[in-house]
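You will see subunit A twice below: alongside subunit B first, and alongside subunit C after that.
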Partner chain A sequence: MVRNLKLIFILFKHSSKRYLENRWSTFGNFVSASLEIAIFIFFISFIFSFTKSLNGWDKNHVLLLVGISQLVTALYNFLFRRSVNRFPDLVRAGELDLLLTKPMNTQLYASFRSTKPFELLNTITGLAITAYALHQIGNSFGILNWLLLLVGITCGVLVLYSICFSFTILSFWSPKLSSASSILEILTTPLTLPTDIYGQPMSFIVTFVIPIGLVVTVPVKLFLGSISAYFILIEVLLTLIFFYGCTRFWNYAVKGYTSASS
Partner chain B sequence: MFPHFLKRKLKIYAAYLKTDFQAQFEYRLDFFLYTIAALVSPIIGLAVWLAASNSGAKLLLDKDQLITYFALVLFVGTLNQTWHAWYVDEDINTGNFSKFLLKPFYLADEYFIREITDKIFKLFFTSVLFIAAIFIFHISFKGVYLDLITLTLFLVSLVLSFGIAFYLESIIGITTFWLHSIDFLKDLESIANQVLTGRLIPLVFFPAGLASFISFTPFRYVVSFPIEILMHKATGSTLLFGFTLQFFWFIAMILAYKYLYNKGVVKFQAYG
Partner chain C sequence: MSDTIIDVKNLRKYFKVHQKEPGLSGSIKSLFSRKYYDVKAVDDISIEIKEGELVGFIGPNGAGKTTTLKTLSGLLHPTSGHISVLGYKPWERKPEFQRKFSLVMGQKNQLWWDLPAQETFILNKEIYEIPTDQYNQTLNELVELLEVQDLLKVQVRKLSLGQRMKMELIAALIHSPKVLFLDEPTIGLDVVMQKKIREFLKEYNLSHNATIILTSHYMEDVKELCERVIVIDHGKILFDGKLDEIIKKFATHKTLEIVFEEDIDPEKLKELGKIKQFEPPKAILEVKRSKVSEVAADLLKQFPVEDLNIIEPDIEDIIREVFAGRLLS
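Coming up: the complex of A and B.
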């Protein structure tokens, strides 16, 4: 465990140095992410200029969801996005062969090798929107609600990682896979809206089958108390199942890997 | 009958087309996922506006029109989707771009051919989805006009809209000559694509001032304008104004691309 944490710390340090080399790009990414969220808030406000609620969600609750989704996405982008998206390059260039021979957890290395430290800046916008929405909602929330939200967000990031990384593992069989960023887009675009707007049975499907509902909507509902606190157990259980499935898939792929250059 | 240079170019095009067709079959998963990603926005747009309508919102389009509008967005938006800026970025950053300096074949030519094969596949894929959507959502095509003149104008507008999207993407791609990373510009384009093209919000829902501003940007002409023609939301002088601006943006994009390309080639430094 300590060894793995040390590895993550070293990778994080390297990524930070690399990012400091390209400050313009970092600033640009921050501006575009903030703009994106500003446009989405405009979209939400625009919709709510026509109606007071969307399938039971009022404007402030949806804004809270936008804030939390920004937080989850920023955390995922910070920790995993670049590494997961660029994993096929490791396979294609034959670099994976060398990594597999090293005395370390290769999945861990492949998942953390290019963190995006400055993506953490985007959590500020997420926190600001969340704070604003909470201020508008006006209720005070207890320690249990905050704890449920924290566990929910952690599960959300892990679910997102498990799905995206499982997908990118396919590059073992298709090394030129370049659509890893698309799967993230497919998953994260609907995150900013409550899954309830899709109606039944779609809402059920996007919560339990393609579990994007678990990433943001369920944690927010737990926080607001719209669903029983026991639902957190289902969330944790499903997260563990997805994470375990992802690791098993990785082991299976590595077992059958015969090197891109052979 | 054909001038010699045209004959030669067509021969090269045919060879590339054949290779690219094979590549499309080879990377089916990529094609499938990129296309699915293009469907997300119209589906979310439809879900949100239907939810608003169900919650009692007074909208300028009724439920049937909303479903029809977003089904058309799905069709037009998927056919117009281009993503080659990422490949141009990779070509320039890895030095692979050098091949265009040696071969009698230009960067835009290669990506244009890739787009042709892509569109052939997409036309098939999108048509299947479109037909499925008709049955699932019982699309009545209320407010859609399918007479010969409307269809001809729609097709002309669709071709021009693809031209604008293609050259805009190419321009973003070749900015790699100066910026080295196009992430920021692609993000901005993605934002504009969501909001200003009509993919998420039908442009008729915007207040008059904002709608008028959007009508001067190229984004309206990528998705919304062809649909407006089919739904007779752009007629008479609005139609003429729309076509004039769509053609203007098409030419402006080509000229801007050529100018930037010539400047960029001078700046290009290959590895090794």
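Coming up: the complex of A and C.
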């Protein structure tokens, strides 16, 4: 465990050094991500000018959801996005060969080899929207609520990682596959809306089957107290199941790896 | 034998490859129904390699050299057969095993492209859990041997191909592996750099008693480094032994280079062997190995010979002919 953390720290350090060279593109990404969020907030304000609530969610609660979803995706992008999206290149170029001969947790290396430290900038937008939404809601929340939110966000990032990484593992069989980035787009777009608005059975499906509801809606509902605190156990359990499934899938793929031709 | 550290028996590695009919209709058809066939990349080979040996694997493209190395290093799961490297089954990829070998591929790199090479060495220090003292000592030794003191802090992408290969070797040897698999380590390098890499490998093999298996398309690599050579083609071993034994085994002829004192009748010369070249006063004659002494004596007796040389065929020519199948039939 300590060794793995040490390894993650070194990979993080290496990535930071590498990205210091590309700071302008990072600032550019920050501006475009913030703009995207600003447009979305405008869109939400527009919708709520016609109605007071979306299946029980008022404007400020939806804004809170937008803030948390921005936070979760920024954390995912910071930790995993680049490594996950570029994984098929490793398979295609045969560089995975050298990785697999090393005495380490290869999934960990493949997942953290390209962290993007400057993506953390985007968490500022998420935190700002969250703070604004909380101010508008006006309630004071206890330690338990914050703790539930923290665990929920951690689970959300892990669920997002498990889904995207599982898709990228498919490149073992089809190295030209670049679906991980598209999957992320598909998954993160509805994150900014509460899954309740889809109605049943869709709401159930997007929470438990294609678990995007676990990523943001459930943590926010836990925080707001609109579902029982015990639901966190289900959230953690489902996260562990998805993460375990992803790891098993990785091990299976690595075992059958046929390597690129020299 | 006790000092055998690589033991391979009846190793087979087949790949399933799908066969696609030509054209757009073939591509569409292959989406729904595919025909597969087996490619026998490695087909029933057996090898024993002892500690400290430096063995050369030679063969044409697609012969099975790299697949063998990948199977020995645990990257590929064998289709069948027995493999033991340092007492481990490589495909189990046990960390204890992985700490004891290294794989270097001339066409792939493990160095972080945008960072100085020393950053990759530091990462490997953690991956291989090398104590700091040992790391510093090994690094200094390798840096000195490869003369790269000034390049440690230079971004990898700014290094020349040869300099990069030197750094790749340091990254691969920083944990002092007992076994080193080298897949075309000198590919693309100029002759001076090839020589330097060869000298380094020879020195490393001797000083660390490391077992090295090397594949290369350059015969010079094999000639200079490897006492033992394994010739492989179509996944099968054609020869396993000392390099000079290849000549004895496969070269059925020798060449006689003759300079005559005066003009001679080529028709008469033909009776003694096959004329490869006739440019008076010089001639080159190919004769069967078993008849060389007899033919040389006849030449001296029947012709006004000023000079006579008996030449062994070039090893590269022999190997080229072995791969072309001319010496096997």
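Methods note: the second predicted complex is superposed on the first by the 261 of 262 C-alpha atoms of A that agree within 3 Å, B and C clash if a C-alpha of one lies under 4 Å from a C-alpha of the other, contacts with A are read in each partner's own complex, and residues count from 1 in each chain.
What we mean here is this: a residue touches a chain if its C-beta (ideal position, glycine included) is under 8 Å from a C-beta of that chain, and two chains touch if they have at least 3 such contacts.
Remember, predicted model here, so these are calculated numbers, not experimental data.
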Partner chain(s) touched by A:S140 [first = subunit B, second = subunit C, both, neither]: neither
First, second, both or neither for A:S259, with subunit B first and subunit C second: second
Subunit B versus subunit C as contact partner of A:L170, first or second or both or neither: first
Partner touching more residues of subunit A, whether subunit B or subunit C: B
Subunit B versus subunit C as contact partner of A:K17, first or second or both or neither: second
Subunit B versus subunit C as contact partner of A:D97, first or second or both or neither: second
Contacts of A:E36 with subunit B and subunit C, given as first, second, both or neither: first
Residues of subunit A defined as touching subunit B within the complex: 22, 25, 28-29, 31-33, 35-36, 39, 42-43, 46-47, 50-55, 170, 174, 176-179, 182-183, 185-186, 189-190, 193, 197-199
Footprint of subunit C on subunit A - complex, ascending: 3, 6-7, 10-11, 14, 17-18, 21, 93-95, 97-104, 255-259, 261-262
Sites on subunit B touched by subunit A in the complex: 26-27, 29-30, 33-34, 36-37, 40-41, 44, 47-49, 51-52, 54-59, 86, 180-181, 183-184, 187-188, 190-191, 194-195, 200-201, 205
Residue ranges of subunit C in contact with subunit A within the complex: 15, 66, 70, 73-77, 93, 95-96, 98-99, 101-103, 105, 107-110, 112, 114-115, 119, 122-123, 126-129, 183-184
